[in-house]
Amino acid sequence: MPSQEDIALMAHLMRRAGFGASRAELEERCARGYEATVEELLNPGDDSGIDEDELYRYFPQFESSLAPVAAQTEWVYRMVNTTWPLKEKMALFWHQLFATGNSKVDNPPELLAQIGMFREEGLTNFPNLLVKLAQNPAMIYWLDNNGNHYGSINENWGRELLELFSMGVDHYSEEDIKEASRAFTGWTLGTKPPRQPVGRFYWSFEFKPEDHDYGEKEFLGHTGNFDGADIIDIIVKQEDTARFLARHLYNFFVADEPQVPAWSITPPNDPEAIDTLVKAYMDSDADIKSILRALLNSDFFKNARFQHVKSPAELVVSTVRMAGNYNQPRTGFPLLAFECGWQGQELMNPPSVESWHTGSEWIDGGALVRRVNFAAKLLSDTSLPGVKAIVAGLKVRGTLSPAEFVRACLDLVGPVEVDDGTFQELFTHAQEGGDVSWDTEDAATESEKRTGVMLALIAATREFQFA
Amino acid sequence: MASTRKDPVLVVLQLSGANDYLNTVVPFTNPLYWENRPNLGLPENQLIKFTDDLAFHPTMGPVKDLWDQGQMAIIHGIGYENSSRSHFRSMDIWHTCEPDKVGTEGWLGRVIRDLDPTGENVLKGVNFGQGLPRAMALRGVPVTSVSDLASYGVLTDIPAIGGGDEREQMLELFSRVYSPAIGTGMTMDYLGQTGRDALKGADIIKAAPEQYSSTIEYADNPIAKSLKSVAQVHLANLGTQVFYTQYGSFDTHFNQLPAHAKLWTDVSGAVNDFFADLREHDASDNVVMLVFTEFGRRVHDNGTGCDHGRGGVAFALGDAVNPGMYGEYPSLKAEDLFEGDMVPSYDFRGFYSTFAERWLGLDAKPIVGGEYEQMDFL
Amino acid sequence: MLTTVAAGRVFDYSHCIGMYSTSGIGFLVPMDFGLGSNKTVYVLNRGVDEITLRISKCTLDHEFITDIGRFGMGDGQFVWPIAIALDADENIYVSDENTHKITVMDEDGEFIAKWGEAGSGEGQMRGPAGIAVDGDGHVVVADSQNHRVQKFTRDGQYLSGWGSEGSAPGQLNKPWGLCVDKEGSIYVADWKNDRVQKFSADGQFLLEFKETPGGVGGLHRPTGVAVDSDGDVYVADWGNHEVKIYEPDGKFIAALVGDAETPSPWVQDYIDANPDVAKARRRTNMEVEWRFNRPIAVHLDAEDRLYVAEAVRHRIQVYTKERDYAEAAINL
């Protein structure tokens, strides 16, 4: 049996590098070891856990619908059922970083294709990913690079590439933006039939030599006949880029940082951690796996339990994975997608290119009520497979005193760590029912019901809002 | 902030999906209407004529009553330059007043901030619907979003937790685990405050239906339910000055005749019942309603429906409204159309400004992002 | 190519029916269809949400008649409807993969009965998919997640069944569409085994249709099958976006790739009403629109005209089988 500390650490890893794991999976992973699990997350096998043919057999609307909810639902299905947790988590990371929204793109299938690209390329290296991003049709439309012409540049993509996607403000000049934009002229969209009235067609990237500015450019102190890929090559070699990406990774995987606009004036919470990630970036030529390996195996990561407010997608997906009632095709998946939106994270529709604000800014009154009600409803339903497993896990521990009962519930649903005040309240509540026994059928029924209520209360705590 | 029932109140009704202007306010004497609507032309003998050449959709009788009572202004040809034919983009533009870039702040968020700068009353702005419309989104401005007034609150609709005492006990426990604890950090404190506020807000707003009684029987459809909820909260005098709700989908590409008729039956009935309800409680004089849609639809029909266009119609309703027609019905002449669409002549930001300035008494410029022509319907 | 010539047969593209639409005329994610009398067609639309699910009853001449059925668990309602069949009286049989039930309605959509019980016992079903009515008026069902075929009377009394999970001849893996030929033999699209199997009326394995020598005729996740009066077999090769045609003995003849070069009249009306759509169509290569995208169901009428429904294109393409085709001069 793994130690409590090993389990807690593995649960932490799986919450951050994935969308949580059941107790059975945690124990199995503990048996293999922490570093081996990190390697497996970084290099998963061929089987994603999703049979693509089965997916479209049972959800033909995923291939056909033009509506945002179908695209969102397909992604939620993948997040819930993936056996590539880190790949899928990285798709979410890149989506939050390279925020592209349907409010302008108005093409959900194309946005989902962008997410697919993040899934495929998200663990390769940063220059490759940026080139793929620059050629991604949804991004081209979102940041107007289809309007960026030879002799008449549109700076939108060039600016955000530098400001929001790689280097961060203050590390380049306005002239650099113009020169970068020139280099991306002619990177545009091919024509396609309109989606109505026979259904969807996909955009394609098209390079138009006649619309490309082949002239000499000066960019960040380099001079040459650069095209977009050359610009990206220069960008990714900058330490500012390493630092910017490191801070994003830290904020997403380790602990909540201040919001991006404050970065130029507020130092990181843990400058040494950022330095470690910057070094991993520079040493590996921006190899994303190498950076993540350094991050996930670091002490600063291991010591950051519950220092990250779950995003709505994290909360929704990890809760249904825990409840275990969405692990195959069924109705109801669209509601999970809507729920993310109602809690403040409408997937593939961030408020702007500056993305969602994270950390405590996920939470307002309405969002908190939704989070609490959503998780409490699922985890209190003892008919669901994952909750049944928790009840079974309690049963094998035999008769439990009220304090043992609370501790065991916190353990099996996480482990979730709560402060003394919260524990005291849960304990006081448990005390009213006395010891938890499974000896008779009646006692077991009552104990099962009490477990459901206790799990609802845990889901309602402040601590449950953190990963 | 002290509020009285006589503070001005704005109710926004969004017709989602792009309402068809031509079949809502029908220019029935214009031969071009009939030419362009071979399949969607409404039967002339059923139209509800309200001027010599304009008529409401046959299902809009209850709206016509408001017109007859002098409580309705019709704003013709509303929209914005270079109108987007994307629902999502166009709705975003209407919500943020940012036609040239993707905006994050909602215009009503700014309205609510200016009405209640300290954010004291979390019920200053209330949305009825799932999630928050971007129009009301503004960082630091608390807004309440209620999907269902009857089941609104913490730990509701959870079978494992019984009703009555059991739930009360749970809520007390919730309140205690969200109380301030020393040394747990800013985020925990913030969560604690938010949790307790949410509990308080839910308590207050849930009392509204309990105090309410009315002889008006609203129909059984979502917009009637939403507007009834608006009436209940308004009558409970909780200081709410901005209400938001929406109905749809008006995206009638196909099968428009029955679909559009059903939509306007629901909306007309609900709006009329809403004002009747307020009047019954002597609470209508400080309420105006703004009705809008993201764009109008294509002039020529496509067989059984019509497609995305530009230039729409908006309404202002209520006792305080100066009744009549404002703006101009856009020309339907082929040479005046843009890719088959009517061209709007009145910027919606002027429409919004009229409400912000003349009704709510606010400086409209920062709210809509500039100075736009206001109209005299208020 | 609008005309496909192969092995003495000529398949000629005729026209198409349908368009993307959420209600009324047009279809939305057609899963299957049934050809009735008087040129009537019943198109089973899964839709993209609870509102758009419906059976469209229209004619092959593009006349919309009515929408039948809607989402739900009640009588005459469906959750995941997947296949439709008509009997000689034009009663409608619809299978539902989610509720594990078969619903029977009359031609106007009036509910008659609903039968089927979830389970794996004899006569029970899990994920019923393909459905057909044989010459005796019996209902043959691909009991998909039980990997077998079962035969019922029209009111749901169990008659017989065969098949088990596996890939050996006679075994099945998540079968989908099926059809019955004039001899009463049953052809099953053995979905996850990438083949079609032919069984005798009492369930004896006879033949399989799959890749043939030369590496042609391979199937990927076939969903539908039909047999014409000559015994030629047509398979909706869903995973490859083609329709594969085989001789009665299993020899591969030809693949159709979709030829909807002329839009359906409904689509043309839409284009005419939308100048921007017309403009966009003129400035791009439209070939991708002609081709099959998820051909999901195939059926033949009494004249051996072939009808192919496409789930992602919301239409049915129609081909004729020419018997008096005059070969054009070769050297043009």
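A, B and C are the chain letters, set down in written order, and residue numbers restart from 1 in every chain.
Assume a contact is a pair of C-beta atoms (placed from the backbone, for glycine too) under 8 Å apart; a residue touches a chain by one contact, two chains touch by 3 or more.
Note that the structure is predicted; figures quoted are calculated from it, not measured.
Among the remaining chains, those touching chain A and also chain B are C.
A count of contacting C-beta pairs for A-C and for B-C identifies A-C as the more extensively joined pair. Relative to the centroid of all protein Cα atoms, the closest per-chain Cα centroid is that of A.
Chain geometry summary: the mean Cα position of chain A and that of chain B are 34 Å apart. Between the Cα centres of chain A and chain C there is a gap of 40 Å. Rounded to whole angstrom, the centroid-to-centroid distance between chain B and chain C, based on C-alpha atoms, equals 45 Å. In chain A, the residues touching two or more other chains are 196. Counting only residues that touch two or more partner chains, chain B has 253, 307. Shared interface positions of chain C, i.e. residues touching 2 or more other chains, are given as 21, 26, 266, 270, 274, 276-277.
Per the touch definition, chain B reaches chain C in the complex via residues 85, 253-255, 259, 298, 300-307, 339-340. Of all residues in chain C, only 19-21, 26, 28-29, 31, 46-49, 79-80, 97-98, 176, 191-192, 221, 239, 263, 266-267, 270-271, 274, 276-277, 280-281, 283-286, 288-289, 293-294, 311-315 touch chain A in the complex they form.
Chain contact summary for the complex, chain C toward chain B: residues 21-26, 64, 266, 269-270, 272-277.
Remark: chain A residues 68, 101-104, 106, 196, 256, 309, 338, 341-342, 344, 346, 349, 351-354, 357, 359-361, 363-366, 368-369, 372-373, 376-377, 380-382, 419, 421-422, 425-426, 429, 449, 452-453, 456-457, 460-462, 465 touch chain B in the complex.
Partner chain A is touched in their complex by these residues of chain B: 86-89, 91-92, 102-104, 122, 130-132, 134, 137, 139, 142-145, 147, 153-161, 169-170, 173-174, 176-179, 181, 184, 186-188, 190-192, 194-195, 197-198, 201-202, 253, 307.
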